[in-house]
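What follows is a group of structures, each given as structure tokens.
First chain A sits with chain B, and in the next complex the same chain sits with chain C.
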Partner chain A sequence: MVFSDRVSNRIQSFVGGILPYQERLQVRKAALYFVVILTCVVMMFPMYWMLVASVQPYDHIVQTPTWFPTQVIAAFQIDAYISVFADRNFERWYLNSVLVAIIAIVSSVGASTLAGYGLTRVQFRGRKNFARLILFSYMFPPILLAFPQYQIWRRLGLLNSYIGISVAHIAISLPFSMWMMWKFFQTVPIAYEEAAWMNGASQFHSFKDVAIPMAKPGMVAVAIFTFAVSWNDFTMATILLPDSSMQTLPPAVQTFVQQNYVYWGQIMAASTLMSIPPFLLVYKLQESILEGFRTGGL
Partner chain B sequence: MSTLQDTVNNWFRIPKKSWGGLIETLFEDKKALIGLTVGPATLLMLFASFLPILWALNLGLYDAGALSPTWTWVGIQNYVDVLNSPAYWDAFWRSLSFGFGSVAVQLVVGVGTALMLSREFRGVVLARAMIFLPYLIPTVVVGMVFRLMLNGNYGIINVLLVDIGLINQPIGWLTSGAIALPTLIVANSWKFAIFITIMVLARLQSIPNEFYEAATMNGAGPIRKFRDITLPQIKGVILLTLLLRGIWMFNKFDIIYIMTTGGPGQSTTTLPIYIFEMAFLNFRLGQAGAIAGTLFGFLGVGAIVYFVGFNPAEEVGR
Partner chain C sequence: MAKTESNSGSLPDEKIQISLENLRKEFDIPSGIEVAVDGVDLDIQEGDFVTLVGPSGCGKTTTLRCIAGLETATEGTLYLEGEEAIDTSPQDRDLAMVFQRIALYPHMTARENIEYPLKLAGMSRKQRTERVDTAAEIVQIDGLLDKYPGELSGGQQQRIAISRAIVREPVAFLMDEPMSDLDAKLKREMRKELSRIHKELNATIVYVTHDQEEAMTMSDKIAVMNDGQIEQVGHPEDVYRIPNNTFVAQFIGSPEINLLDASIVDIDEDRAVVEIEDGPTLSFDIGEYLPEKASDDVKLGFRPRKVEAVADPDVAGIQTTVDLHEPLGDEVHMYLEGPQGEMRTVVPVEDEIPEGDHATILPEIPTLYLFNSSTGDRFARGHPDRTGTADVA
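Now for the complex of A and B:
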């Protein structure tokens, strides 16, 4: 028996001596729940605080706050939500963000699905080096790409355009997406496609009607990942979208902070509205996220 | 005559073929298939990722300002200037401590949370959703909420700490040079520890239950089970995320820029912030390119460790 076993057995027998088995289980369960609830509180508190600040008048936000702000109920107001739409171009920024995310998701899912299929179904030389190159480009940080992209995009007239910013987001998301789809297609048995060929289906037909439907969970994971990258991106949008009307949400919200005045109410209202799509996604699709990361294997 | 007519007919028949037919014929040909499948992704990566990197590396060899239209070749002079400037090395060390600190905090919190969430209990789906949420919340939201919570005058964190008696008077978490960087590390980890949680949880779920049953039968305690079953199984993913996270955190730009913009003073100016200032505030593009070049060098070192240590391409079977 190893030392650690002896220690843990000693602890167990000690605890077991005090409490009968059933109660010991209950204590353990209670401890687990305590830790889970504590973690959830720590994780959710900033979100709670964001909601609270978004419905408070400015004066209340910048006064010394109390834990459970009772004055919120008295001073509840949705002025901040109204003014992000009325005084600012919020709906335009939201639309920009959604469009950019859609372009990035469609191209990323399309390109990575095709690449994953090609890399597992066709033998060619240099596949290993190709894999290395993909993984290497996966490490490129946004700032390293965005700074030269600004110079190149300016010459090509791609600054302040949906295409320009989407391509920048794809540069971040595609390596991992490709890697995930590559791994995913390895778990899809080729036997089904062979069966389709035996029955006279062409290569394209088997790709379209056999391989693609089976790759759907992987594609969902890639779509979520790309959405997270695009919706989250601040660095590239700040650099590649200098024009206010073309900005996506993250850099736009940053402009609510001014030299001597911070529009806390509006920032928190905008933040709340920005957090809704991720919240819906994570609640509905957490199994797909785990599934994708599991096969993605990284 | 008939053969000629056939040939002509054949010519005209090809364009008549539908797009689907064309794609089908292309899919049958191996080379065309490679081009069709791997091609789009490769082209996108070349244009969006490799071209900008090469551009930046090239730019680093010129004296280029945003206002002067011509570039002057200066060789490695920019690199010499950059590597001799104390501001660069200050930023480098700040990047390093931000990277190491973040990864350490994230690893402990992330793995702990993953172990917790791998248990089966009622409400696990809801708990997972709540805990995964920060990872998908945009960084700007995280940064802004933490700025509000950490404010020296009206931040809730100060109120809490004063209430439970840990501090006597409010602390300017983001406005005092000595603690701004550690504060950033914690705020950053609140969001990104979840990445490690997701990775480790996915791995934990694929460990067969029989392993644990067999260990229990042989009298292993919980610590032993963790050390001999769980740890070896998740060691690979932990090492991998350590390296990847380390590189990413070393190069983190957004949350630092949002929360402190490199201040107060220069106390949170890490290398990415330094590049941004050099390129977009000082308009010294050549210098910015040279700094980007050094960052790329660090990436390369990281990649060598990664490929030698883990041989990830080996996993690419078939």
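Now for the complex of A and C:
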């Protein structure tokens, strides 16, 4: 919104010299709407295209792409949705992805909250360097880690397992999550916990009753971040999950592209179904981020 | 004088609730060690409202946090109700604390906040509700119990923080500048409120502030701190009337005391003759003389409210020019350009002298002090029973 505000301010000042103040405000409002709508159209069009392609016959998609609503409705069909479930193991992949994401989120949020709290509240030697080093380990590209991980995972018998792939996702998301929680706990004044101690709360109680509720917005951010890492991961899943029945959605959908045939309709149908959980998660958790800010009564 | 001004001012029939012995706290800083509290001794009796007052960085908050157990003292010890408590954790000291930043838990309602200490103590729901209602009544916040801290004003939040402290009936209340974030009017209101609560509960309160006015108005006893040490302990009035040294004299009282460089011409048990540098020689009866602390070069101190200011330049006295007026309704604060720079007086509005005019200043005898100019210690003061101003020789 900041950018669109600036654009509409620019437009307003452009016409500013000629018009009286009230009309200038109206011009500004109209300009704001224009910019916002334009942005939305640009952002939403690919999603619209995805939805359209998922309900069109194959010929329409590859030969005469249609996007105008009336034409879309005329050729409407849900064959692609049926075939991803009927011809393929889609529900299994979906379940795999959801389970892996849940394990990754729970572990990552839990571990990073504890780590962030420890790094801010417990004094030990080399604390700052340790915290910085954590972020350093986030700098490696996943593909660099994937091959050694494959070797290790195979030895440990973790290939084709939920735990194995979750651990890989946690390994990618945890450094940044820990760093984020470290930073977040620095913004939570220790006075709240001191107040709890003076009220008779043990260190554990003050953590549970005071620090955790106050760290909720940070935890939500970590959850969203971890979900994004896990849900979108292609590299790790491709390498650590060779078995088709254990695959998560991104590499599974990749198999819709075959040597001489691309199942565009099914890819789009799968993509549409894949985008539901992120949408729900962000929609749900966004509320608690805002709630966290509302109750942050400082 | 029934009240005492010395550090060991415990009356035998009163119970000592908190006692500090040679408390010392050092902090490690990059450039070495910083001594925040440097050997503090203090006895606090049951039911006393004791205020630690001093400029920022004087160690008053650190002292309080050592009592609370939030800081570990480097040296020295602490007794709570007669038992050594220096190694007791803050949870087990049975003290309640009100913080500068109010520190109400934002995710709990006012009631949940107040109830939290009772919940931790494992009290039943019914008892908790009763206790919370009583505590809320004392600080007059009955109607606000279901609100979240974010929905309340600063004053209301502070009341809730106080009721969270009193709900548990602790050994003592520790308050760390609880009013510094409130506006002036609310501060005065809360000051009265706190004094009322103190009387109602007969609670022992240790209060920390940098505001000498707050310290003077509420306390039974104030401890003026500077540089990690207690400079003087006593009843607020005594500390004001008989400051131990120049620091206390300057810190307590508003406007600040006038201090002039001077030298002793003649002094004995009864009378002092003092020559002010670049000024007149004053002589006055003294009510106290401590020769062991005396020096020839002195600081002559007198309170701005206890002076006679006349416009006539022919009158003998300290010759000054009026620099600036600060009218405050009934009285006027006058800033004067004297023989050694700025001086301050407070006069009734009808006695004001216009800005730029001449003013002759004559201090009244009972509030004249002589301080050793190298140690800062007071060694003599004007006779408390004499009226009138000092004589000009």
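The definition used in the following text is that the second predicted complex is superposed on the first by the 259 of 298 C-alpha atoms of A that agree within 3 Å, B and C clash if a C-alpha of one lies under 4 Å from a C-alpha of the other, contacts with A are read in each partner's own complex, and residues count from 1 in each chain.
Throughout what follows, a residue touches a chain if its C-beta (ideal position, glycine included) is under 8 Å from a C-beta of that chain, and two chains touch if they have at least 3 such contacts.
All values derive from a computational prediction rather than experimental measurement.
In the superposition on chain A, contact of A:M178 is made with chain B only, not with chain C. In the superposition on chain A, A:R24 makes contact with neither chain B nor chain C. Shared-chain residue A:A201: touches chain C; no touch with chain B.
Contacts of A:M214 after superposition on the shared chain: chain C is touched, whereas chain B is not. Once the two complexes are overlaid on the shared chain, A:Y192 sits against chain C while remaining clear of chain B.
In the superposition on chain A, contact of A:R92 is made with neither chain B nor chain C.
Annotation for chain A, partner touching more residues between chain B and chain C: B. Where the contact sets of chain A with chain B and with chain C meet, they give residues 202, 205, 294, 297-298. For chain A in complex with chain B, the touching residues are 1-2, 4-5, 7-9, 12, 29, 32-33, 35-36, 39-40, 43-44, 46-47, 49-50, 53, 61-67, 107, 110-112, 114-115, 117-122, 124, 127-132, 134-145, 147-152, 167-168, 170-171, 174-175, 178, 182, 186, 202-205, 207, 228, 231-235, 238-239, 249-251, 253-254, 264, 267-268, 271, 274-275, 278-279, 281-283, 286, 289-290, 293-294, 297-298. On the chain C side of its complex with chain A, the touching residues are 68-70, 89-92, 95-97, 99-101, 103-107, 116-117, 120-121, 148-150, 157, 164, 168, 174. Chain A makes touch with chain C in their complex at residues 189, 191-192, 194-202, 205, 209-210, 213-214, 216, 294-298. Residue ranges on chain B touching chain A, taken from their complex, read 20, 23-24, 26-28, 30, 33-34, 36-38, 40-42, 44-45, 47-53, 55-56, 59, 113, 116, 119, 121, 123, 125, 127-142, 144-146, 148-149, 153-154, 156, 159-160, 163, 190, 198-199, 201-203, 205-206, 219-224, 227, 237, 240, 244, 247-248, 251-254, 257-258, 272, 275-276, 279-280, 285, 288-289, 292, 295-296, 299, 302-303, 306-307, 312-313, 315-318.
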